[in-house]
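Structures are listed in the sections that come next.
Okay, so chain A shows up in both of these, paired with chain B first and chain C after.
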Partner chain A sequence: MSSKINGQVSPHSCSHLLQFRRRNGPDSFRALQDCLRVKPPGGRASIRRDPAEVPCCQACGESGSNRLYACVTCAAVSCHAPQLTSHAAAHAQSMSPGHEIAVDVDRAELFCCECRDQVYDQGFDAAFVLAQNTATTTTGSTLMQYSAEPGNLRKRRRVDYRHWSPDSRECVTMTNLSTPLYDSTNSSDVPWGLRGLNNLGNTCFMNSVLQALLHTPLLRNYFLSDRHNRYHCQQKNVANNDGKNGRLCLACDVDAMFSAVFSGDRTPYSPAKFLYSWWQHAANLASYEQQDAHEFFISMLHRIHEKEEKDQGKPHSQGSGDCCIAHRVFSGILRSDVMCMACGFTSTTYDPCIDFPLDLEPNRGGSAKSSSTKSHNSCNVEAERISLNKDCSISTLKGCLERFTRPERLGSDQKFFCQKCQVRQECLKQMSIRKLPLVSCFHIKRFEHSSIRKMSRKVDGHLQFPFSLDMAPYLSSSILRSRFGHRIFPFDGDEQDAPNDLSSEFELFAVVTHTGRLDAGHYVTYLRFSNQWYKCDDAWITQVSENIVRAAQGYMMFYVQKMLCYRASEK
Partner chain B sequence: MDPQDLQETIHTKLIKSGERERLKELLRERLAESGWENEMRALCRAFVRDKVTSSVRLDDLIKVITPRGRESVPDNVKAELLQQIRSFIASNAV
Partner chain C sequence: MSGPNDDNHTELSSYFFEDLLDSVIVDIASECHRIARLGLDHNLDEEEEELRLSEEACARVADPSYNGEMNSKYVVDIFGQAHPPVATEIFECMNCGRSVMAGKFAPHLEKCMGKGRKARLKMTRSSTAAQSRHSRGSPVSAYSPYSNSTSAHRLANGSPAAGEPYSNGTSEEP
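And now, the complex of A and B:
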């Protein structure tokens, strides 16, 4: 009963729907389009013959408690109670054939009264989406062009986690060839691998990020389980005759650092070799000046990726995370929808991202994210009202994420070229997360560099961030669902990929904070070990209460996915 | 005025003034905030997953989920909505 659209399985159309379509042709739902009333914000759409209409069941006058369905053939409105009487079903039977299909007046979703089930029609859904985006309905075919689903999101079968235990032979190998990290005689309750990092001259920007990365669960496991063996790698580099540069592998230095930090030695470690290596890679940043911790973070991940790409010889798309451990852990995919306000044509693009940059203030003057206060669009009036409310309340990470995924009207100075209209038009842009990374790094844009005014400044405001975060509302599937209700989307084949309840839940494990001014500041990292927080201030590690962390000025927050899902290997 | 008429009058007034719509939105917001919506979604998913043989009809789903949903509405949400309705009735001289 299901059909394939664009190679994806779509919800079934029942025989009654198919008959209806056959009988009424391509404009089957034309009359309905005229009745679509969209109430911004949230875009909830309903079917009303006139805006003030209060629909009620023509059989019993019921207008409140049960769902109301309007027959798409004769517009008769009937109530439907799944457990009790259904006047909608009675209508379908009495007027049969031809009156089986009805539309939910409050949700604009199709229903088959005979099959007693929701049905989907691509033509209707496309028309619905179009009508939602425009004030007036248009004639002719609707155009919803989606750029190709990122091909690298291979639909691998999800498999259950199988715990691994070494067999006797593996036990022997392990005993002979490896060194146990955990020393059972170490009775101290300071977490394993917690070690201070010496400041080598304004290197707190580096130390803070390193502390966070050294305790990023997936990264730590990768290096500690010898997935990047620095001896092996160096031998290979020399063998490949890469010359002097061949020995440069930041991942090798990271590997060395992991070994040192997790060796059990508690004295502060000096990451001098690592710093030197990083300088070789980022020559423009090689100085004893204070740098931006976030810039360092990006640069470090980039270097690891580059070397891996060079070794593997073929470029991988970053979104899939198959290229290197840095992307495997940190990269996600962002989806950007740009809707032309004139014709409703939507252009969708997917881009990989390695972290989430978030603006702090709701109404920054120069920032592109601010809503135009002069707009007459009712959407924006609502957005204005919300942001005014937020001015009185505290900034939260969730608020930032909501703002990040909120539809944003690109004003007249940012007109976008619409492929259908063939002119520049004003449009609505909305971001959402197509694929969540395993570790989400939220970067709060506190440092503003204005090239126009030739000055930089720091935004000091406090940001409230949760220790547990559910990212589900910011996913593309959620954003689209809240925009359109339950629809078929041409790309929608990822029901298998649909996040289960746990795969969008994240736990905070590291916070990099910045105190002080732009030119004279200090970075400190707070690490969380099973609900106990530790402050890592260069070489000094101290246990702190969670209130200290909550009050800190978060600059980069690291969240790890609570539950990891496994997919069948390609091999 | 007998209770049935009273209920109908209130109902009509709620709809005509747009208050019913506003209350519905408020309820939606509160239920989403309290995690009720996520719980229901999880229940629906579990129900669909368990139905191995056939696909699930909307009506079946509603039949199963409705009682669970009704009983798990947080008390404070109920109280807030009741309070809002009460003040509406009071200020509209029904």
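And now, the complex of A and C:
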């Protein structure tokens, strides 16, 4: 059907299209560029014509219900009714050879009259996109924004593979200065590094996130490869004479935790030193009460970043991930487009992001529990449950992502100043992902706080999340492509030269779930090793079936790029 | 009785409506055809499979006879270990040096470091009382014996925790 080369799709062409291309040379469709009418935002493109002109079939005069096609060679317009008569096919046969290809007058799509099917051509699509581009831009190009590109998206350099094995001296060093890890329990089936975390008093929010991070592939590899050696770091801090606070380094405590958890000891570990360290950093969050796991996650990554930035002394470009391991693993870049509804002019900005906050569907109704109403809830809940059964639509993670990248019409009270029109206009806003992080964390916004109504509530409903996720439809290149009618064209983000180093396929490896009420709930993490799932409930590690995980109420889902995810072969 | 003009009207309107509707349907069909031909929907099968598995899982778990998971916390873990509901490991507090039980470490540390709502309220009460007693108002109150910790430095600025989110008693997210 079609093959994918460098992120671009080349469709197979029918023999008539091939003949046409051969006959008319490489720029077969360039001439059509001037005939294409610009696609307004949210509308459809078509063949340019006078406002008063009504195209009609040259054979029968029909201009209504049947589709009209203009022959690319002689511009004769014919109608085509699929099951009935096709004057377009008749035209092609009578004038053959050379008149087989026509273009849909109302949709600007190529049509092969002999095959009686829509066909696709890269050259035509390029002409189409260029026609759009020249019409909608003045100073800022929306398609190939090389100037506005985030500067850190340099072409990925490929490094030559060099084999290394230790020489005899290195072997001796390694043998003398290291201790072999051994598993005290004789269960070699249990994955390494699986160890319970003691609850230190309402700290399940912290334990759940820590379990996910302890098994985040890149983070784990970084710390276990001694990339942040806590002894060196502490010595360096003392040498720098930063004082007591200078020795505060959350990454050092994380390093200690990795060492402890992967030591082979299976008794539950108490992350006490880590808690103490974190509270010294994040004073406003330091209190003995239930807290939000996501808030902790952000706080922890932020502290690791801060210390690194302070040590290195120079600021890094946002989103590049060069600043610290936390950003290297989790940060991506979001693209935000604001399109003027009147002229189509688009203003684009790039922002780094460390996770993806997603809203559940609005008006979920049924299972939302409000903490402000305490009594007489029983009959309400029953009624809601009945109505929920009637609702067949399932909430899915992909649905949330689709909503995240959907074009949103900003209200008339949020008019945007269009540089082309020089006046405030209504606009469409659309988000997309310019650069995917190596590990994507999806945060489902289940806790709603309304400062107006002085009320907080938790949204309980189930969200379906896949074990394998392809993020391609949410990339900037895909979103842009769909905005231009899915035309074949290298859009912002499409790698032209290098084959896809990093694909858009992700694998789920950790799920943090929350059960219970807003004020009295419990966090639990499910971890995936090969295709086996383990439940990490504070100190208790148990094996569970994947059904439990699929049915669980996901709060934070962690996905890693498929190529970075090592798994035993299933075959 | 409706005259010939009325009939023409309704006929014409439904004709135009059908024409518009056909046009819209062909728009969508054309777009779907393009998406399918260019292979932009190559994951459809996998997506449907995931949805099916999810539905099955939810149905199975909802079944009261399902025994895939022990809900109780008081079970034996995969290493064959049993743990008490409140962690009993004993270690030294790194702030004050006292021996603390793991499960009670957080509340201990909170008081020990002078953080948290109750500790802060105690601090402000004592510091404002101290300020009223002494004309110059010593910033270091009697409740902060751990002068090395950062918390004392924060509160030593004298302000009765005015800017802090906890001071007005509202609860934060869990």
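In this text, the second predicted complex is superposed on the first by the 338 of 571 C-alpha atoms of A that agree within 3 Å, B and C clash if a C-alpha of one lies under 4 Å from a C-alpha of the other, contacts with A are read in each partner's own complex, and residues count from 1 in each chain.
In this text, contacts are C-beta pairs under 8 Å (C-beta built on N, C-alpha and C of every residue); 3 or more make two chains touch, one makes a residue touch a chain.
Note that the structure is predicted; figures quoted are calculated from it, not measured.
Engineer: With both complexes superposed on chain A, which partner does A:Val54 reach: first (chain B), second (chain C), both or neither?
Structural biologist: The first partner, chain B, only.
Engineer: So, does A:Val159 touch the first partner chain B, the second partner chain C, both, or neither?
Structural biologist: neither
Engineer: Please work out whether A:Ala286 is in contact with chain B alone, chain C alone, both, or neither, and reply first, second, both or neither.
Structural biologist: second
Engineer: On the superposed three-chain arrangement, identify whether chain B or chain C touches more chain A residues.
Structural biologist: If we count touched residues of chain A for both partners, the winner is C.
Engineer: By the touch definition at the top of the document, which applies to A:Asn199: first (chain B), second (chain C), both, or neither?
Structural biologist: Only chain C; A:Asn199 stays clear of chain B.
Engineer: Give one of first, second, both or neither to describe whether A:Ser468 is in contact with chain B, with chain C, with both, or with none.
Structural biologist: second
Engineer: Looking at the overlay, what does A:Asp537 touch: chain B (first), chain C (second), both, or neither?
Structural biologist: second
Engineer: For A:Gln118, select first, second, both or neither according to whether it touches chain B, chain C, the two together, or no partner.
Structural biologist: Touch status of A:Gln118: both partners.
Engineer: Return first, second, both or neither, reflecting whether A:Pro82 touches chain B, chain C, both chains, or no partner chain.
Structural biologist: The first partner, chain B, only.
Engineer: Touching chain B in one complex and chain C in the other: list those residues of chain A.
Structural biologist: Correct list for chain A: 1, 64, 118, 470, 472.
Engineer: Considering only the defined contacts, which chain A positions touch chain B in the complex?
Structural biologist: Chain A residues touching chain B: 1, 12, 54, 63-64, 82-83, 111, 115-118, 470, 472, 500-501.
Engineer: Taking the complex as given, what residues does chain A use to touch chain C?
Structural biologist: Its residues touching chain C are 1-2, 4, 9, 11, 44, 64-65, 67, 104, 106-107, 109, 118, 120, 185, 187, 190, 194, 196, 198-203, 205, 244-245, 266-268, 270, 272-273, 275-276, 279-280, 283-284, 286-292, 295, 394, 396, 398, 447, 449, 456, 462, 464-468, 470, 472, 478, 485-486, 488, 518-521, 534-535, 537-551.
Engineer: Sort out for me which residues of chain C touch chain A in the complex.
Structural biologist: 18-19, 22-23, 26-27, 30-31, 33-35, 37-40, 43, 46-47, 50-51, 53-58, 60-62, 68-70, 73, 75, 77-81, 83, 86-87, 89, 91, 94-95, 102-107, 109-110, 113, 115-117, 148-151, 154, 164-166, 171-174
Engineer: Once bound in the complex, which stretches of chain B touch chain A?
Structural biologist: My answer: residues 11, 15-16, 20, 38, 41-42, 45, 55, 57-60, 62-63, 66.
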